[in-house]
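You will see subunit A twice below: alongside subunit B first, and alongside subunit C after that.
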Partner chain A sequence: MSGINYTMIPLFVALPLTVSFLIMLLGNRVRWISDMLCTVVALALCLLSFYAVGVASGSGPLVYRMGGWLPPAGICLVLDSLSVFMLVIVNVITLIVTIYAINYMEQYTAKSKFYALFLLMLAGMNGVIVTGDMFNLFVFLEIGSIASYGLVAFGTEEEELEASFKYMIMGSIAGLFILLGIGLLYSYTSTLNMADMALVVSEKSGSKLIGFVSVLFLVGFGLKGALFPFHWWLPDAHPSAPAPISAMLSGLLIKALGVYALIRVFFSVLGATAFLPVAMVLGTMSMVIGVFLAVGQWDFKRLLAYHSISQVGYIMLGIGLGTPLGILGGLFHLFNHSMFKSLLFLNSGAVDYATGSRNLKELGGLRERMPVSASTSMVASMSIAGLPPFNGFWSKLIIIIACVDAGHPVYAAWAVVASIMTLASFMKVQKYVFFGELKEKFNAIKEVPFAMQFSMVFLAAICFLGGLLLVPAVSGDFLQSAADTVANGTEYAKMVFQSLQ
Partner chain B sequence: MTYFLCMIIFAIGLYAVVAKRNMIKIIIGIMVMEYALNMLFVLFGYRQGGRSPILEKAQTITNIVDPLPQALILTAIVIGLATTALMVALAVRIYEKYGTFDITKIRKLRG
Partner chain C sequence: MNELIAQSNMLLTDLSAQPMVLLIAVPLFAGIVCRFLPSKGGAVAAVIAFLTGIYAFLIAWPLFNAKAAAFSHHNWLALRLDGINGFILLATTVFSLLILIYSFGFMKGKDRQNHYYAYILWTLGASCGALLASEFILLLVFWGILGVTLYLLTGISGPEAAGAAKKAAIVIGGSDSILILGIALLWVIRHTTRMQGAPVEFGGPLSYIAFFCLATAAFAKAGAMPFHSWVPDCGEKAPASVAAFLPASLDKLLGIYFLYRTTTLFTMNSGVTTALAVIGAGTIIFAVMMALVQHDLKRLLSYHAVSQVGYMVLGISTGTPLGIAGSLFHMLNHAMYKSCLFLCAGAIEHRTGTSDLDKLGGLAKAMPVTLFSCIIASMAISGIPPLNGFASKWMIYQGIIESGRSGGVLWVVWLTAAMVGSALTLASFVKLLHASFFRQPSPEVAAAKPREVGPGMWLPMGFLALLCVAFGLRYLSPLSRFIFPAVNAPVSFTGKWFVGPATVMIAGALFGGLLLYLLGTVKKPRVCRTYIGGEYLDEVYISGSEKSTARDVEVTGVDFYQTIRDMTPFKQIYTMAQWKLFDLYEVGTHVSFFISKIFQFFHTGVLRQYISWYVIGMIILLWLMK
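Let's turn to the complex of A and B:
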């Protein structure tokens, strides 16, 4: 194997981290440089993640030894097909959001600080995804979280500060629970490397400690991922951030820090099957409760935030089934949700940018004035509600089929109910925002600038074509192999040690 | 036994976060939880009668404490510092806007 493949892995963390500090230094002196640097980094990481798809599918997981120390003593970064899958999602959305933010963030002062925090958050998420070490996971988790606390409070208005404080308290508690879990696992296995830990745990089976640690991780990652009953910080925190950040938080952060970390720890390290029914129950409850709370909302972004809870429920339901088809559906829904939820938040940002309001009752008839935003949000709404041929339909269909297949028709029924409620609440959004009569005070509004339109259209195209990922020729190296990695569980350890030799 | 003491301190911190209404007390609660965890980590590495893990070539030492948890909590302390600093900064900004530290009065966001 060529050397470049290994050295690529740390770039996913190092590049955004370096540029983030560079922007901090230079951003205030030269105005255009932060825009340019951030876009270049996002583009480079996006291309790199596409390159990684090809590399990782060929040869099993790639392992990079930090500082040349051999794991389990040294820290390693692991790039397997699940990591690659997440990396592609994270970096594609980041690129699109960056392009969107160039215009959108003109409304705020201190744009360079925004970019610095933005890249720091990206570094944290990429770090969580590629790391192969438990404590490193915690460190990157906190890097990503701390940057996101700052970004939620970016407007420094009363609501934003309050939401950020709430979010930060919850995030800190989640981090401490995860740290406690890691500490107990370390004292049990005497190692921090994930692959090594998986081996030790599978050898010493049948300890009560694993159960306790599982609960700690479920609380910790559940809080980060806004799983019911740990969801209530999310509807405050996500709408308070600027729109591009809402898109990042809802589309990526809760998945990279919550769902991905949960999958990685439970499937690859602990191999805990006892956790699966719990994940299904919690997933179904988040799914239903999230959507019921969403229907009554009148704030555009708050409504979307409640839907994030509901959609994370779908993902957890799919993953919790534990069957290959269920995991495939869950991961596919994760991909789709990142796309359409980011798009919806960008739409709400566009509406906010043009009209200065996100109250559904004040808006109306924007279809005539903002055709691009209106049609892209139509695509996203149909996607999230699960109408064919958009991507949301296919992943929900797989999850429901997998539920019935595994002998859980009740869960399947709840998934259908939640989907119908989702449709209802997005019909409300479309009716109040884009259809109906144009209010007089909005007669003068214009469509948003080109860069914002471009990112929305791009995401809408992905929503439209996303269903193609199910075609085996397209998904073989990407979606299917990621689902296989999850389904294989603790095979992860063997594969990592194999590729070290 | 001492492990349980750490757990009790952790629980006291959690109680402060959940039950107190003053923002500063909540922040202190989080710090208490952090310190309980740091102590727990050091205890994980402790060996009865162990000495510090500094080796010389000629020496053979049988009983040393585990240095790894100490390295870990150094990192954890730095992270805790960052979180605490940010939390206090936010608390100050909130006080400027609302004129109170009482979280039951800071309620602009409705459920």
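Let's turn to the complex of A and C:
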């Protein structure tokens, strides 16, 4: 039994990577094959991630030794509760987005190239999540990023290319900083294995180098995670991508490459003490500045993109509190944000698909013609705005209470301000897109095809039921144990070495 | 997994034996059923909703009689019935039932009926939940759901209501966020989220902030200033039945209930009560002044719905048992007459197609039941004895006077504000009654050939009007049944009010007036053609090429406030109100767009600048983490 469990881990990377290249080879010859392959892979990975929840909760983290070599010399993949938590989020959203893309991407030529890049990005994200090796983290991060540069430019219009170029330049700078940080850490600890590195760092204490490396990582992963003041690329890049990709970028990529990597590196490897106050301050600034930028936008997708910055701020604020409640709230918000933000981007895609417009001022009254898109976007808006009974309410509630509980009522007040502004800007979206007068020229529009509707309804159902994750019987093995993993910090190293024996 | 299923099974059996849980869960569930009915199933939805309404009433009645009940599960699902929420619960179900009956006629033939009934039922379930919750987090959930249903119900009347729905959602939803903060702060102070327990002494800024955060939620829900601005928009644009249901009755019940609940959690001091009194008195005067100048029937009523909240807040701020009892009684009375008024407005709109006072007129003969209900309710809201509005206002006045005994002179100001507000209320209702019922009918109204609405619609109106009379004449019996148990101290009247002799005297005076009128003029009226400036009216042309009618030369009641409007302090205030300076929502919108502009200024899209900012950010971090 345990044999199967261990070999499952590399599949999260190997499967999408292989199929990605397979699609590149075959996709142009047989039209339907890329649709089918991608859906099958996404479904398989989704089921596998659910299976992983059950497996990982049993014992400590599962460690897979690449080529049978023992760490720290060999490279290993580690599956602990936090990784499983992230894997479920990533692979569920990927499956839903894939189903959505089957219809949506018909608008573009070269659909098979899209799927190839899409799976490459998935491989990168899964890799970042399961890797137990610092350098591999960087490699997977770059795989994911490079695929996303391509996907942002997928429409190859002027605007998209420009956005992709900016994203690429800034992303590369961030990548260099991360690489520099890893290099310095390697010279300091003489190991690249995360668990080993954590042990060495905790033994040798009080070096200035760790502070410098922390800044490099903050700057690097902070950019990937669109944390203020490293968010500049996001408002251009996310709206430019095709809607399914926007959903992936906002819902997953910034979290897997940014937030998850930050948590992993700071909590599990470096020890979080210096990181916490910075995360709180930057998180709060992202939260507030992002939402104020969003409220003035008239482009549907750009508005959503700014909200991603704001919502990442919430996540960082919660995690930056460092208390068990705060971390729980932050991770829960990460889960919820993935769900509702992906849904919102899919909604914007549906609107774009049906009307060809993303300009809020041009739209209006679409609920008459697109009831499914309208009601699912209503659910998503309520979720992101933090209205009960939807999932966003619960995580915001926990974060605010955790802030006050930890003795930071001022941060809580900022979270409230941002929450009100979030509500305001999504009420604006609802008013201008779905309520209001139906424009003459949109009289003939139709609801989007079934697959797209299915994806949106599915995500809306998750948004509606997401609060159940707080019920102890449901969350014990999933959310709660992920939060415990984060809170345990550098216990990670011990756990990994224990399960190696 | 099996364990989980077994657990939830047990939970379900546990819960379904609880009438309090059923009262919440059944309407919510019935709402879901209605929501997913096909859009043609409006009639089915109406029947389901009606049956659910009756069911809720049948549960609420024994609950109210039981006086006390408590239930808790896993510590967080805690419900509790006591003297305070019992009668409000009963009132909630009664109002829901009346609105559902009214909606049969009112919603007939309109779009999205299944949605409408679903939202009404969700509102009912969530209101019961919010009332019964004895755990703050639970309250918060239901409170938030009420915001959502308010948004959905307001938006149901079509594109023109989109703005009003948005505004209501932002104000109410925003206050929910503030409520979360208040609850969190209170938790840190009290280490419990139970809504009962020893009151907190004020001390340190956190306790004050916590109190005002909670009060903000109550104010926003009830529509007290400065969080009132969603009420007029919502009342004007939402369907009349929704306006009668939410801003007029349920939101008041819930808001004032929560305000009262909050005050029981704190040991009030004079600073806080003065702040409440300022809000109360300010709300009364400002909103009634705004009501005076309105030209839309429903908007005028909405401003009164704001103004009346002022009385309730003022009553609570007195801190005396009499004042608080008066306030709670006023809350109940207000829900009756204001619902009645909105239902009348709905009936008028239903038959004439407009709620613009300038376009109405002459409905007295056509709609006698509406007229009757409207007059009763108007007199009740203006505080004319012996109707219920007077009884509760009288108690609030006495409460204010009694609070003055402990020193201070400010109570004179509050009392004056309350009395002036009452007079101005009467003035604006004279305008309303005249403009819609008594003046000459406008061409539009004449063309619409108005007639009385069906019994489904006039029954709730008439019932509420009779209730206003009954609660006024026999005010002691509702007081002792509903209100006194809610106030944890013996209530004693300082002033005396003998309803019997007074009624006889008032009736006598009215009869005498009528007699004089009949004797003096009706006997031998001189009938002639209407003339103006020596010429017969139907021969002169006043407006354009149309022949003038009696309506054109009539002294209208609609514009009589113009003199007030042009007086010096008021003129400036009205101008400021026109700029929406008093509307927190509008001001907030401008401020946030301004801030947004500042931030957007830095997002130029130029890569070089972005990289510079990036590096600057890094340098700051390096400096901070050195």
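Note that the second predicted complex is superposed on the first by the 500 of 501 C-alpha atoms of A that agree within 3 Å, B and C clash if a C-alpha of one lies under 4 Å from a C-alpha of the other, contacts with A are read in each partner's own complex, and residues count from 1 in each chain.
Note that in this section a contact is a pair of C-beta atoms (placed from the backbone, for glycine too) under 8 Å apart; a residue touches a chain by one contact, two chains touch by 3 or more.
These numbers come from a predicted model, not from an experiment.
Legend: residue contacts after superposition of the two complexes on their common chain; A:Asp236 is shown touching both subunit B and subunit C.
Looking at the shared chain after the overlay, A:Phe50 reaches neither subunit B nor subunit C. Touch criterion met: A:Ser419 reaches subunit C, while subunit B stays clear of it.
With both structures placed on the common chain, the touch criterion links A:Ile169 to subunit B and to subunit C.
Ranking subunit B and subunit C by residues of subunit A touched puts C first.
In the superposition on chain A, A:Ile146 makes contact with subunit B only, not with subunit C.
By the touch criterion defined above, A:Tyr6 reaches neither subunit B nor subunit C. In the superposition on chain A, A:Val219 makes contact with subunit C only, not with subunit B. Applying the stated contact rule after C-alpha superposition, one finds that A:Ile400 touches subunit C and leaves subunit B untouched.
Shared contact residues of subunit A with subunit B and subunit C: 165, 169, 173, 232, 235-236.
Of all the residues in subunit C, the ones that touch subunit A in their complex are 3-4, 7, 137, 140-145, 147-148, 151, 155, 159, 161-163, 165-166, 169-170, 173-174, 176-178, 180-181, 183-185, 187-188, 206, 209, 589, 592-593, 595-597, 599-600, 603, 605, 607, 610-611, 613-614, 616-618, 621-622, 624-626. If you check the complex, the residues on subunit A that touch subunit C are 165-166, 169-170, 173, 177, 208, 211-212, 214-215, 218-219, 223, 229-230, 232-233, 235-236, 274, 278, 289, 292-293, 295-296, 364-365, 382, 385-389, 393, 396-397, 400-401, 403-405, 409, 412-413, 416, 419-421, 423-424, 427-428, 430-431, 435-438, 473-474. Remark: subunit B residues 10, 14, 17, 23, 26, 30, 33-34, 37, 40-41, 44, 68-69, 72, 75-76, 79, 82-83, 86-87, 90-91, 93-94, 97-98, 106-109, 111 touch subunit A in the complex.
Residue ranges of subunit A in contact with subunit B, taken from their complex: 135, 138-139, 142, 146, 149-150, 153, 156-159, 161-165, 168-169, 172-173, 175-176, 179-180, 183, 186-187, 192, 232, 235-236, 240.
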